[in-house]
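Dropping the structures in below, format is structure tokens.
Same chain, two partners: chain A is paired with chain B first, then with chain C.
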Partner chain A sequence: MAQVHEKTIKRADPPHAAVTGIVVYPMATVAKQFVKSLWRPSTILYPFGERLENEDFRKSVKVASGAPIGVGEIWDNYRGVHALNIKTCISCNLCAFSCPDTCIEMVPVDTGSGKTKKCPEIDYGKCSFCGFCSDACPEGCLTMTPGYTITTNRRGNMVYSPERLFEVYKGKLPQNPTSLAAPENEDVILLDQDLCIGCNACSRDCPTKCIRMIDIPKPEAKAGEKLPKRIWKEPSVNDSECVRCGTCISVCPRECLYWGARK
Partner chain B sequence: MTHGLWNLRIKVDGELIVDADPEIGYLHRGIEKICEYRRYNEVVTLMDRTCYVAGIAWEQLYIMAAEGALGLSPPARAEYIRVLSQELQRLSSHIMWYAAYVQDIGLMTPFLYGMRDRDLILDLFQSYTGARMTYEFMRVGGVRNDVPVGFTDRCRKVMDWLDQRIPEYEKVCDNSTIFLDRTKGIGILKAKECLNDGITGPMLRAAGVARDIRRDRPYSVYPELDFDIALYDEPDCYGRYRVRMEEMKQSVRIVRQVLDWLDRNPGPVLAEKVPRFVGTPSPPPGKETYVERRGYPKGRGFSSMEEPHGEAMAYIINEGAEHPYRAKLRSPVFVNIAASKDYLVGYRVSDIPAIMGSVDVCVGESDR
Partner chain C sequence: MTATIYSVVNALVVLLLNLLGPYVPGSGPYGPFVATWLSYLVVGGIVLAFSMVNVLVFIWWERKLLGRFMDRRGAMHVGYAGLLQNLADGLKLFRKQPFAPKDADEMGYYFGPTAYLVFSMAILGFLPISFGVSGGLVPLSLLVALALFSFAPLFIFIASWSSNNKYSLIGGMRTAAQLVAYEIPLLLAVVAVVALTGSFDINTIVGDQASYGWFALPLLLGLIIFFIAMLAEVERIPFDLPEAEAELVEGWSTEYGGMLFAFTMLGDYVRALIGSYLIVLLFLGGWSMPWGLSNYPLAGLVFFQVKTYIVFAIFIWVRASLPRVRTDQLLQIGWKRMLPLAMANIIWALALVVWGYPNIHWPVM
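Moving on to the complex of A and B:
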């Protein structure tokens, strides 16, 4: 005959002990840690105490040779998500050109007054955060910020449109411009006058409007020869305003513009 | 020791190894070929990925060869910042090796010590390059930016800290019977065999051969700095460990001299002759080539340097285009792994982690 063991349920502790053990102690610990975390960082870099040791260091933002690189604290120079100031972008295409990973595409953006202009769209799935684009930006409108939280679960979310990069800019994170000053003997844009047809394409597409079409005298036709079919104008580049983007060279239909040193 | 990125096929007789055949190539990305399609400066992004524990060493290697090919030279301050980066990178690479190697052998404490102190050096890197592992800092004709104000004091603080820590690293290992039993007399490769196999770096110096490119074929500003070559006369795993520890002390010594120099001598960090971009689009007018129009000569550039793992070399042919015609890299780890049969045969299977770890394998740079 099977024996039936009676299970006697014996409560070891009085009922209020369970409440204390399950609710009160953990809650007290959480509250204690929470209060602690209000004035103490959870991680301290061990040998040197707190990282934010020198508030003045952040304000005295300088570099020994004079050119600024972001701000002083170590995480402020970090090259993370880009910030784009849409308003000052001149659509020069230099960021897309200088990108080694071809992750920048120039897409049209509505400027508000009915017109559109092209601004960089960055695919962070390809970006290697090298900073060549922000180094190349002649206007300083594309910079890098310490933001690094770009993880998503959708591949499409890795593509940051210009508007989204503008949101980062408005977040007022520290920026890492490293705007390298243009060297004095930089190459300029030169014109092969025999090939030019005066078509105005370079002047029309120049992002800084530094190319002006100037009139040239129409020569006398020699006997038995026809004058070339062209408009009697040719471009004149203002070197001080030129940002060396090369747009004029790439739009020229006759390939008459080229890089060289001005004599 | 870089687990999982390469294979080691061994033939055993019981416990004894009688043959060994390393199998690499799982991390091959064709970096040398991609170099031929990128402008000189843009290759820097690839060089960081070549060796992921010593990225800035490979950046400088490539940039030095490119400068040779283009006939440019960086200003003095840029050279000193480069040397500073090299020695900080050597410290971080050796500390990383120490952390991983001693953990492979069975001690856990050094791993925690090493990873913590390496982080201080990565913080220093971040403060002036802007990244912790992929720096993208070197440029043809100099470096990207100067060090920030207050950097030298920060760096000195870390060096003082490492001065205390490195003897402690040694104490942990030298007082451990497990460590000594597993490294002493294991993985012996004598000096003659090392030279025959083309082995370089700490492995060669542990065998007693005083060969260091920083002294033998000096590059950058190393001739002006005062340092000793780390040597040891027992060509086993323990000797390689001693050499790396001594090299770290010498690196701290070099970093201090460089910091003193940087404090005294302000100046530009990018050569003036260098245009903003080395390589801007341009259709060819007439017959002259790109580099002729830029005022650079056609040429060939060769550079060699003492990388943390050994002697690395780069050779670049500049045929006048805006990107190199051919780029060749010589990886020290490739050679060191290739000779693994010579120092594995005769030991036991359980010695393999100790022996291969002491080589300091970085598969990224051997596969390229």
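Moving on to the complex of A and C:
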């Protein structure tokens, strides 16, 4: 106890601390700060003034060595507004499936040759910028850019049509992901041959055209047995081209297609 | 030297009334009466406009400087460099409906802040602000100014009591204790100045400083005491206990909104303005200028205003730096430190007078 008491005495403030420590030192510190901020206060004037981007910012402010990021910097892999390449989009719907916020809706887009195809329309009022859609995109046509100037004062302006997303794509912002990820789904499309009626819906709607209808032999009808009413064709899926979008499963009228391990 | 704002206005009003002739009552038997009261109104309007413009620029000055002290920019969007931001804020407050809380005493509730602002602004009618420029020629102008200055705790207490709110009441109690405690060192510091000049007339005090040098040199201790006491009198950090935001919401003005809140706010800044004026007038030479420029009213006014803004900048610097003191520390500083120092300052000033200030003959030991 005696030692503790001794320490307490040593740590006690000197008598002049009331003036130097409580008045002089803080006022000197604040005055130093005042002189520093006369040159440039740390307020960023965006959007009223220039925003200092990476290189300019590093030149004007000494970033402490080893500091990974400074105020006012935007990295290339910042997840901002999306970019969509309408021309390579295959309308597979995977972006809308993967979206946790249901902010993506597939809307018809005129392809120019009189036909329409469905492309994603993104509502940034709902978007959480998770990036799942760009990860899921099998063609790499839906990516995310560091663009952050999407704030508006109208709710309708938050909805970006495919054409607007295409404008972002043409703006040449850095895009990510830069490479395609392998599909996470290792399963393949399997067919319940007893249920299939050979209606061609899956082949017609497949975005990658990897389903081909092949002829199957019509069996001989036995006595007292009735052959099912169907077209004697069934789908054959080319697994190497399939993007696992599941469109064929959702359009099948007989629910005869399903996911399963490769046989 | 005898020309004041009042005399100039009065001459103009009499001239105007004579020109208008028989169509206005100014030429009848009540003519002098009408002319006098019209002149009072006009002088009041001039003082009001002068104080309001100064207060608005003061608030802007505080916002900008405080911003720089905190490494940001302060108001900057309305007007050039945010100069009109305070007008915009005032317009917003002006458009609000005044109302009293259910259990408040309405008369005191409305009377308190209004009288606080009016009595604070009335001081400016007595303070000369440049060579021969003052509302009226008052021989005891310093005494009148300090007397009006010490009215504030009464109105603050009325406002806080009639608000019927515990935070307001605590803030009002603290205001009364603080302002009464610091009134004494403030007046004692003034006594030293009066002892050196032998006059309560601010014109004489400034004239003496123009002749013999600023009183800040012989009465440095008095200046420091006056400055600290003035910080407490205008309720600024580190002595802002009456409206300690962390503990008392908004202090004695908690229940006020709209224009009544603006009255409390403007009153605070008018008092800060008068505090800065008094520091400059009593210790920093007022409008007296080097190179014999003192006798030009406009140059003196500009120089005086510049000094005032520099003094207020020190107020802001203190606000940006120092923490708030506790109630016991506040009273301890006031009664145990400031009061003896102020007495020592008076003794020093009297010694200077005895030794023949300004031509001091040091006593032979």
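Going forward, the second predicted complex is superposed on the first by the 182 of 263 C-alpha atoms of A that agree within 3 Å, B and C clash if a C-alpha of one lies under 4 Å from a C-alpha of the other, contacts with A are read in each partner's own complex, and residues count from 1 in each chain.
One rule holds in what follows: a contact is a pair of C-beta atoms (placed from the backbone, for glycine too) under 8 Å apart; a residue touches a chain by one contact, two chains touch by 3 or more.
Source: prediction; values computed, not measured.
Once the two complexes are laid over each other on the shared chain, residue contacts for A:W39 go to neither chain B nor chain C. In the superposition on chain A, A:M27 makes contact with chain C only, not with chain B.
When both complexes are overlaid on chain A, the residue A:D187 reaches chain B alone and has no touch with chain C. Looking at the superposed arrangement, the partner reaching more residues of chain A, out of chain B and chain C, is B. Touched by chain B in one complex and by chain C in the other are residues 45, 48 of chain A.
Across the complex, chain C meets chain A through its residues 65, 67-73, 77, 317-318, 320-323. Chain A makes touch with chain B in their complex at residues 45-48, 54, 57, 60-65, 67, 69-70, 72, 74-75, 77-79, 97-98, 100-101, 128-132, 135-136, 144, 176, 178, 180, 182-187, 192, 244, 246, 249-250, 255, 258-261. Chain A makes touch with chain C in their complex at residues 22-23, 26-27, 29-31, 33-34, 36-38, 41-43, 45, 48. Residues 38, 41-42, 44-45, 77, 116, 119-120, 123, 126-131, 134, 136, 144-150, 157, 161, 262, 266-270, 272-277, 280-285, 293-295 of chain B touch chain A in their complex.
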